[in-house]
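I've put the structures underneath this note.
Shared between the two complexes below is subunit A, which pairs with subunit B and subunit C, respectively.
Up next, the complex of A and B:
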């Protein structure tokens, strides 16, 4: 198990280093001068040159890379051009909002996608399977921005069931005391249940927007994994021995299908974390995606670079976690990699 | 062993019902609070968020509005009513603000301002002439944009600001200029605390840019009571402000709603009282909605079609004139801006002092355009038209321009660019033809012309350079006589019309949508909203 763990840690670290290199190079290739962007159109060439020197942009690329990596090791992602604040501060301050939304979106996706996938697999070829597949096609083909607009119009503007897209809490309501930065959780931890209730209300529509789309991916993966295991030898054998169908479904099929399902969940969660830029903008959700969107508009390459790196690291961490869970679910993996 | 399927569905349904019930119970609870009986708080949403709190170094229009409320200027514009809901700063009328009096020397080169007694900042520390001098010196040598304006009034050295005593400030300029009081009445010239600046300065940051970026020690009508750069900022009246009666509300929350369509929804539902930056087609629809009023006033903001005069065939003024003659100015206003704009009247718009009708008209005349193009002898050619892809208005206008120029045999490739790329490439003077807009602070014609077509100006993206025109504009800066300024301005406008380095195409209106009962919308000479005058019934 330790060897398995060390190997995964090593692979993850190499991937992070590669990611940092790619992000660094891509930002340098993109058109744009951080010094000119920070000083604005009225800046003199002398001022721009002075700032370039101060930021180290006049140094050879290899020196810049060294400085960048050294900064990363010390948690320094540079300064945001648009605000002058440290990039790490800008992004980590928004990370809890993004995680809270992504977790809620994932829960919606699982609550809808998992049972529907199970249902579709257990009733393959019947009407309920067809309905689930239609839902999957609709879910995967509908753009989050469109779905979000529909939900805002229907559930806020017309039905007045959910609140408007003004962020995480009602206008003027102070957030709960900061513990994790996730308002639902912080409200519970500090006994501020009013804040938790409001945070849940304001979370509902963006989470539904994200989760409904993602539920289609979960549904398809659960369905196909369950069907694949249903056709395997051990299931046929269990049936031949007269084991009840429900027991086969939950104990044998589901556990064996979980490897694929877990991979799908990891991917979906990664997508929800990094792919919610538009949803955050639509709902004025103060997460990292919205910061990245604004950074695009203000040519803030430092901020974009930090965003890409943090999202990439989160993806890698998720993959690492999924790898570890593989080992828990399937002992053959941690005992020598006979299965993959 | 396993939960029956029905129980799973029942649990899910129960959870969903609970969430909906929770929502329904709480809906509408976010009503206003803090009503002090006469003045009420307002919630507004502008076209951008507030990025930083430094009044001299903000980067978004909403930041300019906000930071301008955290500082007070020495003098204030005189405002006159325009209808029931709006008041507008006059071109050359000024009232005392922090300075109770101000007077020029006989030659107009020395302005002496006398501060009110007993002025304090938000923290109770005294506001003196030393703070004024430090603020203006910071503007000249520190972070921020206002240093761009100083040369236009002949200020190039910090020595030109002197504190004669605790209450008296003297500003010396090499020539008498009417732009100086306009400048002093702009919110970015509001007074900062020297004490706060000094206490938070470092060797690398002698002007305390880092501290002012996130903190305030207000001399203005408001202080910051809460601020999250991605959610909202709430301003409450500054108890140390010298003129409490001029604050017409009990506070303002600026809610950052990035999507304009959502802003409109929130306005309709009553969650916000005022919205800016809504899509104009939506504004037109809101005209008929009960409970809402569309406020639309003339503006000096200028939308223009710029040429890179260093790139053929735009290096030929005749080609540029031909294009100017081909554009459908009235169609832009009616079909692109839904009537919320005025057709172009020139680089100095008709609402700006010294505007001249003599320079030339901006009307479509395709025959004349064809004749000019023939005279230029360039034949048919292809080019690109670039603009910010985030601008719905420019996206629509580009199609009309493409169609109009096709009539002349000019093939235009419409090229929307990501905003950052557009800014980068206009700064690099790479784009042959582009749509852009500009607002000259202070509504000063010479500032307007210098910024747009003055040689080497940071916002002159045309690369056009004309020493004679530069000299003419400079003489306008240095002249106080109104008749002389009008004559100089008219001559400069004629030169620019003949040379046509850019085509002014429309002036978009200053447009807001408010809920009924909201009034006091005040437009100053930087065309920003002055928050302290907003009221709500």
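Up next, the complex of A and C:
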């Protein structure tokens, strides 16, 4: 287990380093002069030269890389040109909103995808399986924008069940005292239940938009994992010896199916964190995806680079967490030993 | 005395109606080891699973009665619980839940079949591991399947079978996946178990050497048909059916080949 852990830590660190290198190179290799692009068409050659020197762009690439990595080690992601503030501040200030939305989206995806996947597996080949699979195809092929608009139209414009796409809280309502930056949680922690309630209402539609799409992926994975375990030797043994069906389902099938599903759930969560640029934009959700979207518009390479890096690091951290979980629940990893 | 009789068991594929087993009948006496041989795909495993009452999805028994000690148990919900049938399989490690300690897996069958509480069932599980000649059974009970060799896993499966106080043991190719030396040990264990408990055994195998050594009687299955049955010595000395003769001849060739290698 210790060796397994060290290996995972090592792999994660190497991946982070590789990621930093790729992000650095991609931005440098892009055609055009970064300094000129920043200052706009009106800038004089002297101004551009001065900025190049200030940004270190006149240095050899290897020196630039050294500076960049040195900065990273100190949590310095550079300055966001469009706002003049440090990139790290810009992004980390928005991280809680993004995490709150992604967690809510994941919960929606799991709550819908898991039982439907189990149902589809147990009714394989029958009508409910077919319906669940049609849902899966629809869910994974539907563009999030379209789904979001549909939900806004149905549940806000027409039914007035949820608030419109105006951010995290009603306009004018102060956020709960800052602890984690996630309003639902902060409201609970500070006893400000009104804020939690409102935050949940405002979270509902974007989370549904994100989660419905992802639930299709969860459904498919759970279905195939449950079918695979249903046909496994140990389930056959349990059936042969008359273990009650419900116990087989929960104790044998589901726990083993979880092993197959866990990796994919980590991926889905990573996707929800990094892939919700559109959804954040649609719901005026002030998360990191919003920052990245705006950075695209203002040509702010430093900010985009920081976004790519942070999302990448979160992805790697998630994978590491999933590997850790495997170490906890799978005795084959926890204890090692022979396995022929 | 006849412990189990299977009467005209037929199994077909639900979707296509293709026959997997056609009118198979056989009997197993108390304390008797009865062989079921046939080449791969002849229906040996389906006979076993149908007898346990757990045919895989997509297959269905269209006829057949099961009598245990003369009593019809065809309609029993689970013949392991109602008639104390037990079964061990070809791939012992795959037959065990990789996430549960083997002691707990045996204990669960003990509580299911003997109605003991958790603690007593755990103790009984350790006891059973001792009965299948596992050294330090208490330590073995705490292991997970991946920590045990294939032969050890099969012993665990036999211990699990014992947890049912079996009246009948179905062993579907119990040694096929194991090393040669371990094969003999597992077969010895099964023979010993029969002597101790007086249960009947249906020993499924494609290995005629195993049949010759352990089985009192043998049934030959060919493409879902039971083509020949009788006392092992008689069938081997004087095979009636062409397919049995073919099996015996290819078996001998194999043995000659093994000797040369």
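Simple rule for what comes next: the second predicted complex is superposed on the first by the 327 of 340 C-alpha atoms of A that agree within 3 Å, B and C clash if a C-alpha of one lies under 4 Å from a C-alpha of the other, contacts with A are read in each partner's own complex, and residues count from 1 in each chain.
Assume contacts are C-beta pairs under 8 Å (C-beta built on N, C-alpha and C of every residue); 3 or more make two chains touch, one makes a residue touch a chain.
Predicted model, so just to flag it, every value in this text is computed and none were measured.
A.B. asks: Kindly say whether there is room for both subunit B and subunit C on subunit A in the superposition, answering fit or clash.
C.D. replies: fit
A.B. asks: Where does A:315 make contact in the superposed view: on subunit B (first), on subunit C (second), on both, or on neither?
C.D. replies: Touch partners of A:315: none, neither subunit B nor subunit C.
A.B. asks: Looking at A:298 after the superposition, I want to know if it touches subunit B, subunit C, both of them or none. Which is it: first, second, both, neither?
C.D. replies: Once the two structures are laid over each other on A, A:298 reaches subunit B alone.
A.B. asks: Once chain A of both complexes is superposed, is A:307 in touch with subunit B (first), subunit C (second), both, or neither?
C.D. replies: The answer is neither, since A:307 touches no partner chain.
A.B. asks: Which angle, in steps of 10°, is spanned at subunit A by subunit B and subunit C when each chain is reduced to its C-alpha centre?
C.D. replies: Placing subunit A at the corner, the angle measures out to 160 degrees.
A.B. asks: Where does A:240 make contact in the superposed view: on subunit B (first), on subunit C (second), on both, or on neither?
C.D. replies: second
A.B. asks: Based on the superposed arrangement, let me know which partner A:255 touches: subunit B (first), subunit C (second), both, or neither?
C.D. replies: Once the two structures are laid over each other on A, A:255 reaches subunit C alone.
A.B. asks: Taking the superposition on A as described, I'd like to know which of subunit B and subunit C A:282 touches: first, second, both or neither.
C.D. replies: Only subunit B; A:282 stays clear of subunit C.
A.B. asks: With both structures fitted on chain A, tell me whether subunit B or subunit C touches more of subunit A's residues.
C.D. replies: Higher number of touched subunit A residues: B.
A.B. asks: Smallest separation in Å between any Cα of subunit B and any Cα of subunit C in the superposed model?
C.D. replies: After superposing on chain A, subunit B and subunit C come no closer than 15 Å at C-alpha.
A.B. asks: Need the overlap of the two footprints on subunit A, from subunit B and from subunit C, as residue ranges.
C.D. replies: On subunit A, no residue contacts both subunit B in one structure and subunit C in the other.
A.B. asks: Show me the residue ranges of subunit B that touch subunit A in the complex, using the header's touch definition.
C.D. replies: Result: residues 1-2, 8-9, 12, 15, 19-20, 22-24, 26-30, 33, 43, 49, 51-52, 59, 145, 147-148, 209-210, 213-214, 226, 228-232, 234, 253, 255-259, 261-262, 265-266, 268-269, 271-272, 390, 418-421, 423-425, 427, 458-459 of subunit B touch subunit A.
A.B. asks: Along subunit A, where are the residues that touch subunit C in the complex?
C.D. replies: 124, 231-234, 236-243, 251-252, 255-256, 259, 329-332, 335, 337-340
A.B. asks: Please name which positions on subunit C make contact with subunit A in the complex.
C.D. replies: On the subunit C side, the touching residues are 49, 52, 54, 56-57, 77-78, 80-81, 86-87, 89, 91, 94-100, 108-109, 112-113, 144, 146-147, 149-150, 157, 160, 164.
A.B. asks: Please give the residue numbers of subunit A that touch subunit B in the complex, ascending.
C.D. replies: 31-33, 36-37, 40-43, 82-85, 94, 111, 115, 149, 152, 156-157, 160-168, 170-174, 197-198, 200-201, 204, 246-247, 250, 281-284, 286, 290-291, 293-294, 296-299
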